[in-house]
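Each structure below is given as structure tokens.
Presented sequentially are two complexes of chain A, the first with chain B as partner and the second with chain C.
Here is the complex of A and B:
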């Protein structure tokens, strides 16, 4: 067998991951993606003495399993790329090239990913990114960023345009690189690591921290009590509602629908204020912790949330009914920024960016964690892959999340009275954790040494794949439609740059 | 149109009438109060994820604090977080809360440059720089301008171009890769100009302090006009801090 088959949040001995020669490793993993139920959730390199170990994790959405395999290659090896077989590996291989100097001669786009401090080639600097260039006298280029007009994170967009029409857009990232994966090894206290997880992407504090705590608890062979799982599931759905509402506000702003912008903008407030009522922080920082819950979810909190959702839902539906039938809004949303089903499958997009083009990719349904198996989640799918589909998904997922929360609130588990203490993580183990954050699939992988200490930590934010979807969406659109395309994806810069 | 008007009617008034006296809902963790209780201080020093707590004498540095509240859970007798959101100050040392202190934080008027009120008292345009910020402070700074907090009523706004700005607001710990863009942006703001650090990551690096991917040398070059602690900053903390900075002191 070339792979070991595991479940989400399962830990295995590191030695149980098969090591194949590279040709076989390549063949096995690139064959998987020929089936639509498979996609790559993480593929990365781990430095081992004198060699580099490549570890590839392929999710099988039909069976709720993950196939993990590996290969040992020389540190400065020149290898045939996975990308030449399937484009969804392109960012992973660029990252392996950037971090370790592995050469892939048949990779079509072997460019820097994020200019990490520990990159293999220090001659490569962020000020000298090799942009694609048209060298045409008829086309012009537009550069935007890294600092953007609004209060948002930095990144650079380079457009090649024919008049107002975008031919191509290249996205240069890396400005947000903070060395988070290295900090996961350097900061030894558990509280430090939970705090780090909250800051991987501060708008997805619950999503990333849930991935971390589920992984840590698995490594410690710790089964979280139901009240912990309840809190995580509930917080994930509340984070989804809050961020989707904020995104709908931003979408309205970009098509100059002022009322929608203001009303959706203010509708986010009661949800995040509720998080402050529950855990003291509007962005839910401090709520999710391994093996404990500092803020027990009481019946009183449940009643408050029920009442709040009743009011929210009425206002939300009223403004949505109006927004989604206004001709001035629809004419800007419909058929704008289309990414096809074929493109999405090819690039391996995840989360909303996949579901908008009828790709059923949702960890809550395929690899359920916490209480999602109980909720029997059915992903909301759209077919057009345009801004309108992405807006619709948000609207419908908000209503779906409200439904899930109501069903969770019918059965609030009491606070566990004799919480088991967390043990120590297993030695020489590997663990993978998938979580469906509001943007999509979050993947954390860890490897421990003979003392149970982290020797490797790998994070994959949904934005990892989805930035390319944004790049594809704007082709042949007017440059004035770029903002609304961008907001319709609302991807994370820091989650990508780590 | 009629539908729009109905929505406006149903929404009613959403703004906070007095942002200087508003109460925050729930268990917001604001200005901490530290008692003189004799406890195992070393245990709390060890517990803190960012080294914000020091013993002998016991103190808590809000410039480093992530407001996770773990110290207050571990020892409620020693540390208590109040809901006082007015945390901004213009002196780094004032962010360090000492045992036995329970007084409002504020700005040292002697350290505020005279031209700040003169030039910016009625209108302050700010250019925000997210220098490896995690998008939580950025979301909260955006919220400052929404219909609830409505910072624009005081003439305080975020603008697109540094050329139109009177100062910069930095969020995030300043990565190596953002060091140069941060400098370029600051240089593009016309004099006189101010610098505001928003959030724990900007003030001290927070949980990211010590990362090899950061370059915080920009902060060594210029005086900082306002420190706004928080993880992320609360909109009321930011708005009240800025209002204090630009108000008339005659």
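Here is the complex of A and C:
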């Protein structure tokens, strides 16, 4: 066997991951993706003495399993690329190339990803990014960023346009690189690490922290009590509601629909204010911690939440009915920024960006963690892949999340009286944790040494794959529709740059 | 003289009423009616910053633009009372003096060498071009109807021939309100509130302007709105007594500003490639007015 098959949040001895030679490794993993139920959740390199170990994790959505395989290659080796077989490996291999200097001669787009501090080639700097360009007299280039007009996060977009029409858009990121993955190794205290996980992407604090704590608890062979799982599930769904509402507001702002922009904007506030009541932070920082819960969820909090949701739901449905029926809004959303089903499977997009084109990718359904197995989640799928589909997904997922929260609130588990103490993580182990954040699939992988300390930590935010989907969506659209396309994906810069 | 005074008065609160309407429509209290004016005054007190890549064009353009609008305002009469400047064919000067201001804004935005501003300039040029036929068809029709070629004479004798001309004036009002929205870069063509350069038209052209220059440009927008409001009022006030006419002027200006505010509250803006089609449709409405005039004059018999 070239792969070991594990479940989400399962730890295995590092030695049990088979090591095959590169040809076999390539063949096995690229033949997986020929089936639509498989996609690559993480593929990265780990430096081992004198060599480089490539570890590839392929998720099987039909069986809820993850196939992990590895291969030892020489540092600075020249290898045939996975990308030549399937595009979804594109960014993973760029990352391996950037970090370790592995050469992939048949990779079509071997460009820098995020300019990490410990990159292999220090000659490659952010100021000398190799942009794709055109010598045509008819086309012109427009550069946007890295300073964002709304001062959110830095990123540079380079358009090649024919008049108002976009022919090509290239996205240059890396301005936000903080070296989060190596900070996970440097910071030894658990609290420091949990706080770090909260800052991977500030808008997905719950999503990333849940991925981290599930991974840590799995490494410690710790089964969380039901009240911990309850709090995590609830917080994930509340974060989803808050962010989707904010996105709908921003979508309305971008098409200059003031009513939607104002009402959705107002509706986000009670949700995040509720998080403040629960855990003292509107962005839910401090709520999710490994092996404990600093802010127990009481029956009283539950009553407050159900009252809040009753009010929220009424206003939300009213403004949604208005927005999604207004011809001028529909004419901006429909058929704008289309990414086809074929493109999505080809680039391996995840989360909403996949579901908008009828690709059923949702960790909550396929690799359930926490209480999702009990909720029996059915992903919401759309078929058109346009801005309208992405807006509709948000609207319907909010209603779905409200339903889930109501059913969770019917049975609030009491605070566990005798919580087991968290032990030490297993030595020489590998663990993978998948979480469905509001944006999509979050993947954290860790490897421990003989003392149970992290020797490698790998984070993959859904934005990792999905930025390419944005690049494809704007092709042949008008340049003035770029902002609304961008907002409809609402990808993370810092989640990508780490 | 009277029209100049009235237009300046209306321009002081026009932007404020739009802003207030939008605030109220979205459930907010909103700033006072004179807030936009206070912003302009604040800007006028400041110095301007000039990029080293720009030439003198960039520095004179805001003044030329403002001057062109003041010039255009001088041509507008108020019912029976004549404008400061009036001669045969003055509405042609009106159109082209505005075009000169716009031309300078366009070349000044190209002067900055920014890709964004170039895009904005090309959009602005295209939309101004498409608006022109509608303007001339309407004023040409009225010139034909009345047999006169200056604003003052046209408006003074507009309703002498037939009551049917009130219907034509109403249609013309519709077209002029939309022309004003287009010329001032408001919804549904442009969104003055957006922060997204790629979607802007007028706003992106003035990204590099600051301080005094920006103040002039912002005030010019209000002046332009009030000027179109005055033109619309002129369609109706022929033969009215002065107090009634002034009252009607104020009502029309306030209603015009509130309408602009309401459009911006409850409508999303058009997709950029629908704009040209939309603007051109104004010309077809103007053609209806033209045929109406031909009917009145009995040219079809």
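FYI, the second predicted complex is superposed on the first by the 498 of 498 C-alpha atoms of A that agree within 3 Å, B and C clash if a C-alpha of one lies under 4 Å from a C-alpha of the other, contacts with A are read in each partner's own complex, and residues count from 1 in each chain.
Following the convention adopted for this analysis, a residue touches a chain if its C-beta (ideal position, glycine included) is under 8 Å from a C-beta of that chain, and two chains touch if they have at least 3 such contacts.
As the structure is a computational prediction, the values presented were derived from the model and not from experiment.
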>> Quick check on the chain A-based superposition: chain B and chain C, clash or fit?
In response: fit
>> Taking the superposition on A as described, I'd like to know which of chain B and chain C A:176 touches: first, second, both or neither.
In response: first
>> With both complexes overlaid on chain A, does A:126 touch chain B (first), chain C (second), both or neither?
In response: first
>> Between chain B and chain C, whom does A:74 touch in the aligned arrangement: first, second, both, or neither?
In response: neither
> Of chain B and chain C, which one touches more of chain A's residues?
Replying inline: B
> What is the contact status of A:140 with respect to chain B (first) and chain C (second): first, second, both, or neither?
Replying inline: second
>> With both complexes overlaid on chain A, does A:282 touch chain B (first), chain C (second), both or neither?
In response: first
>> Students often get this wrong, so check: with C-alpha centres, what angle lies at chain A between chain B and chain C, to the nearest 10 degrees?
In response: 60
>> On the A-aligned overlay, A:205 touches which partner chain: chain B = first, chain C = second, or both, or neither?
In response: first
>> I'd like to know which partner A:259 touches here: chain B for first, chain C for second, both or neither.
In response: both
>> I'd like to know which partner A:482 touches here: chain B for first, chain C for second, both or neither.
In response: second
>> Just to confirm the geometry: in the superposition, how small does the C-alpha gap between chain B and chain C get, in angstrom?
In response: 5
>> Shared contact residues on chain A, chain B side and chain C side combined as an intersection?
In response: 149-150, 259, 262-263, 266
> Which bits of chain B are touching chain A when the two form their complex?
Replying inline: 3-4, 6-8, 10-11, 14, 24-29, 47, 49-50, 66-70, 73, 81, 128-143, 146-148, 158, 160-161, 172-173, 175-178, 180-181, 185, 201, 206-208, 210-214, 231-232, 234
> In the complex of these two chains, what residues of chain C are touching chain A?
Replying inline: 22, 25-28, 115-116, 118-119, 122, 187-188, 191, 193-199, 264-274
> For chain A, which residues are in contact with chain C within the complex?
Replying inline: 140-144, 149-150, 163-164, 252-259, 261-263, 266, 326, 328-329, 331-332, 336, 478-483
> Within the complex, which stretch of chain A touches chain B?
Replying inline: 114-118, 126-127, 146-147, 149-154, 174-180, 182-183, 186-187, 189, 191-192, 195-196, 199-203, 205, 246, 259, 262-263, 265-266, 269, 273-274, 276-283, 285-286, 294-295, 315, 318-319, 321-322, 492-494, 497
